[in-house]
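Listed below are the structures to be examined.
One chain, subunit A, links the two complexes that follow: it is found with subunit B in the first and with subunit C in the second.
What follows is the complex of A and B.
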C-alpha cells in the first residue's frame, strides 16, 4: 500500500479517537462557555440568555473568592514543599543509604494508593480525642486540637496529605534525572574540593531544571484537579476554609443543581489551566520541539 | 501530560530504562546524618500505612491502644465485607479499568499510527486537537460531561464512567513517539513482502512498542483504579459503583466511627493494586518514569 495514495486512510484511523476527544473535551469546553451566559432551567422556568449575570454573581460571591484564594494558596505551598522533599528523597535514595530499596518503597507507596483511601486514614489521624495525633499530643500534655474542625488548621492539614501523597511520585522523576548526570562531574567537583552543597547548587540543580519545570507544571495542574480528599475529609468546611475551585464547582452543580453558575466557575478554572498551559509552552519552547 | 524536554520522556533511551535503576557509585557513601534523615522521613511516610495495618488487624478496642500483646484478628475485614457489597464493587472496578484500558489501547494505536506514518493534509491541526486534551482534562469538565452522559442515557452505568476516558491524548502522544522510533526500513521490508497497512501495524509496530504499551497500561490502570470524583458523580447504585466510591459510601454513611472497620475496608480497596505494585515494583516505577505522568 502506498502511503500517499489514499488520503482517507489516516483520517479513518483517527476518526474514533477524534470523535471521542471532541465529544468529551472540546465540545464540553465550548458548551461550558455557552451555558455560562444562560440561566439554569428550573421547574417552571426554562433557561434564558442572561449575558454576564452569572459572572456578576461570581464576582460578588465570597465563597468563590475564598475557593480561588484557597486554591492558589494550596498550589503555592504544596508544590514547593513537595518538590523540596522529593529532591531530598531522590538525593538520599540516589546515594547508598542503607536499605534504600525499602526506603524508595516507603516514599513511593503513597503515590499509587487511591487518594480516597489514604484520605480516610488521615481523617482518623486528625480526629480529635481518638485520633493518633490527638493521642500523641495528649500523652505529651499538649492538649487536644480539632485539626480539621478549625478554619485556621483545616487547609494546612489537607496540604500535608497532598504533600505526603505527591512527594514520592515526584521523587522518581528526580531519581531518573540524577542517574543521568555523568559521574565524572561528581569526580571533577570532588577534585576541585567542592562541598556537597556547592555540587548540588552548581551542578545537580541546574541539570535537574527540566525535571523541575515538568514536575512544577504537573503539580500545579494537580492542585486544581484533585479534590478527592476534600470530599472525604472536610467537604469544603469548616466555614469554606477548605473550599477549592473544583470542589465548589461540584457542590454548585450537583448539590445546588445550579449548572449555569457551575459553568461560569468552570470557565474560571479552565482559564487558570490555560494560563498554566501557556506558561508551560513558553518555558519549554526554548528547549523542546515536537517533531 | 508529558514533556519531551524531560529526561524521563518516552523518547528517551528505552535501553537505559530497561536496565533498571542502576546503583550509583561515584557519589560516595551516605554518612550518618543522611541515613538518619532519610529513615526519619521514610518512617514518617510509612506511618499512616503502618497505622492502617495496625487498626485493620486488631479489634476496635485496640484501635488507638498500641500494645504488643494485642491479639490479631481478621474480624474487621469480615465485617466490612459483609456490611457492604465490596465484592460487587471490586468486579465493577475491574470491568471499568479493563474496558478503559482496552478502548484506550485500540484507539490510541490507530491514531498514533496515523500520526507517525502517514503524511496527510491537516495532520498538524489534528495533532493540536489531540494535544489540547493534555491541558483540558475531562476531570474538570464534570458539569458538561455529566449532561452528555445523561443525554446518552448512560447515567449510573460503568460505560458512563468509562466513556470520557476512552480517547487518551496522552496515550496517542506516547505511542506516536514510540512508533516514530521504528526504523523505516522494517516498515518498507514488510511492505515489500506484501504486508498491507494493518499487517505492518500489527506485526511490526505493535510488537516493537511493547514496553511503551506496558508502561502506558500500568499508568492507566493505577489512574482509573484510583479515580473518584467522576465515578461519584455518574453513579448512584451498587451495580455501577467502583471501589473508591463504594468505600466512600461505606465510610461516610454506613459506619459511624468504627475506625477499625473503615481502615479494613480502606486496605481492601487499595489491596489489589498495592499487591500488584509490590510484585511488579520495578515495572511500575519505570512505567511512571517512562510515561511521565499518569
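What follows is the complex of A and C.
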C-alpha cells in the first residue's frame, strides 16, 4: 500500500466523531465566548463590541450571586447525602436478602422516571393542605407547611427530590463495583476476625474509590445542570430562593432575550464545569487506586 | 381516489388551456397553510375547544388550512413564537399574552393589524371590541393585537361556607374592609390551632404582578404609563395595596403565608380548602363543571374605586410571512371574533366574549340567563384597566414579581420591596424612556 495515500485514512475514520465534536461541543463553546463580549442586538441598535461589560453587569447582578450561592449549596448538600444513601442501599441489596431483585428495582425506579413527571408528582406531595405530606402531617397533628412557598424551605424541598432521584441511580454503580470485589477478600477478613465496619472501612471503601470519584463528578455536574424541577415546581421563586444558574440563563436568554448577557452567564457555568473536570483528571485520579 | 386524480388532471388541463388568464384563480385553489400557536392558562379542555374551532373554520374556508399548535403557558408560547421568528419561520398567527405586546414590537416580530386590515369595514370591526380590551393593543397609533381569550380577575366564593360563617351567601364582600372581615370569619381552625379552611387565597406564583393589579386598581393607581416607558411601583397607593395583600396573611391570618401556587388555587377552591379565591374568569367553566357546592362570582372589592386589570391573550400576525398568508390569517381572526364564535368560545371556556355584539346573540343571552355569573367579568370591563406591560416586559415584570414574593414571604417590607423593584425598573427602562 502506498504510504502517502494512507495518511488521510485515519483522518477519514476520525471525521464523523470530529465533526460531531466540533459542531456540538467546541464551536458552541467558542461562539458563546465570542457573543459574550458583544451587546445584544435590539430593535434599532445592532450588536457592538463591548468588551467585558457583560461580565461587569454580572458581578453587580444580585440574582446571579444568589443563583451561584444556591447552586453551591445545592451541590454541597445533595452530593454527599446522595452518595452516603446510595452506598447504604447498595450494601443492603448486595447481601442475600429476601426480595432482593424487587428491592433493587424499587431503589432504581426514580432514575428511570421522566424528570417532568417526577417533578409534577412531588409538586403534589408538597401541596399545602391536601398534598401527601400535608395529609400525613395533619394526621399526626403537626399542622401544615407551605414547603415550596417559603424561601427557607423551597430550596431544601427541591434538594430532597434530587437526592431521592440520584441516590437510586448511583446505587447501581456501587452495586456493580461491590460485585467486582473478590469474595476471597471477605473470607480473608472473616478469618482475621474483622468486624463488618472494619471490613467496609479497610477493604470495601478503598476499593470503591474509583466509583466514588466517578459518582462525585457526575453528581456535581448534575447539580449545576439541574433545570427541570425548577421549571415545574417553583420557577425560581419565591423571590429567587430556588434560582439556579441554568434556569437563570434560560430566563435571561429566552424571557428577557438578552442573549449576550446569557452568553456571559454560560461562560461562567462552563468555567465552573471545566474546573470540576480538571479536578477530576488531575488531582483525584492520581490519588485513586484503580484495580 | 380516482375521482381526485381525474379532477387534478382536468384542473391542470384547464390551466394549460387558459394559461395566464386563470393563473391567479388556480393559485387560490391551492390552500394557504397557516400555523397557529396558542397557549393554555386555565383548566378545562381548551385544546379540544381550539381544535374544534379550527375544524369548523376549515369547513367554512376550504382554501385555508390551519395547523393549531399548543405552545404551553403564555410564557412558553411567547418564547416559542419569538424563537421561531428569529429563526425565520414564525407562525403566521398566534395567541400570545396581551401584555407581551412591547416585546413583540421591540423584537420586530409582528405587524400592526391595521396594516393588513385597513378598509373602512375593518376599522369598524376593530372599534367593535370592548375598549378596555384594546388598552394593551393600541400603541403608537397602531392596533397590534385582536382580543381573543380575554379575561379579568374575579373572586369565586363558596356559598355553603358563607352560610356556615353566618354571612349572606348571595353577596360578595364589596370593599377591602369587608373582604378582610369576611375572610377572617371564613377561616377555620382545629383544636390544636391548625387551619383546616382558609378564608381567602390570592395566588402569587406565576404572575403575581397581575393579581397585584387586582389591589392597585381599586386603590386608584395604574402601575405604568401607556407608552410602557415608566412605572410607578412604589407610589403610596401601590405600597398600601401590597401592605393589604400581606396583611390578609400576616395580620388577619385568613390567607396562608408564603407564595401561593396559581395552578392549584382553583383546585383548593374545589377541594373546599379555601372559601374565597381570586383567579381569572377563564376558570369559570372549569369551576362550574367541577364544583360540588353552590358558588358565587364577584367583582374585585373596592377601595377608592372598583376594577381589575384585563388579562389573557390577543391574536398577533407575524411579520416574516407572505401577503397571502397575512390575509388568510386575518380571515381566520375575523371569523373567530364574529359575535356567534366569540359567544360560543366564551361559553365553552369562561373567557369574556370580546365584543358587545357577542353578548347580544341569542345563544349568549340564553347562557347568561342560566349562568348569571358569566356576566360579572363583562360588567367589570367598564372599570378595568390595562394589564401591566412595559418595554422589556418580562424583565421589568420579574423585578416586580420578585418584590411581591419577597413581601409576601416576609423577607422585605412592602415599601422596601417596591422601592427595590422601582429602582430596578428605572434601570431597565432607562434606554426606552429617552
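Criterion: the second predicted complex is superposed on the first by the 276 of 291 C-alpha atoms of A that agree within 3 Å, B and C clash if a C-alpha of one lies under 4 Å from a C-alpha of the other, contacts with A are read in each partner's own complex, and residues count from 1 in each chain.
Everything below uses one rule, namely that contacts are C-beta pairs under 8 Å (C-beta built on N, C-alpha and C of every residue); 3 or more make two chains touch, one makes a residue touch a chain.
Small disclaimer: the values here were computed from a predicted structure and weren't measured.
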item: Subunit B versus subunit C as contact partner of A:254, first or second or both or neither; value: both
item: Which of subunit B and subunit C A:42 touches, first, second, both or neither; value: second
item: Partner chain(s) touched by A:130 [first = subunit B, second = subunit C, both, neither]; value: both
item: Partner chain(s) touched by A:26 [first = subunit B, second = subunit C, both, neither]; value: first
item: First, second, both or neither for A:108, with subunit B first and subunit C second; value: first
item: When both partners are placed on the shared chain, which of subunit B and subunit C touches more of subunit A; value: B
item: Touched partner set for A:146, first subunit B, second subunit C, both or neither; value: second
item: Shared subunit A surface residues [contacts with subunit B and with subunit C]; value: 127, 130, 254
item: Residue numbers on subunit A that touch subunit C, as the complex places them; value: 42-43, 127-130, 138, 141, 143-144, 146, 148-151, 234-235, 237-241, 251, 254-258
item: Partner subunit A, residues of subunit C touching it in the complex; value: 75, 79, 82-83, 103, 105-108, 192-195, 198, 204-206, 256-261, 264, 268, 271, 273, 392, 394-395, 398, 401-403, 405-406, 408-409, 411
item: Subunit B to subunit A touching residues, read off their complex; value: 1, 3-8, 16, 21-30, 34-35, 37-39, 41-43, 45-46, 48-49, 51-52, 55, 63-64, 106-108, 110-111, 113-115, 117-121, 123, 126-127, 129-130, 132-133, 135-148, 163-164, 166-167, 169, 172, 180, 191, 196-197, 222, 225-226, 228-229, 232-233, 243-244, 247-248, 251-252, 257, 259, 262-263, 266-267, 269-270, 273-274, 277, 281, 284-285, 288-289, 292-293
item: Sites on subunit A touched by subunit B in the complex; value: 1, 3-4, 7, 9-11, 13-14, 16-29, 31-32, 35, 85, 88-89, 92-100, 102-118, 120-122, 124-125, 127, 130-132, 135, 164, 168-169, 172-173, 175-180, 183-184, 186-187, 210-211, 213-214, 217-218, 221, 224-225, 227-228, 231-232, 246, 249-250, 253-254, 259, 262-263, 266, 269-270, 273-274, 276-277, 280, 284, 287-291
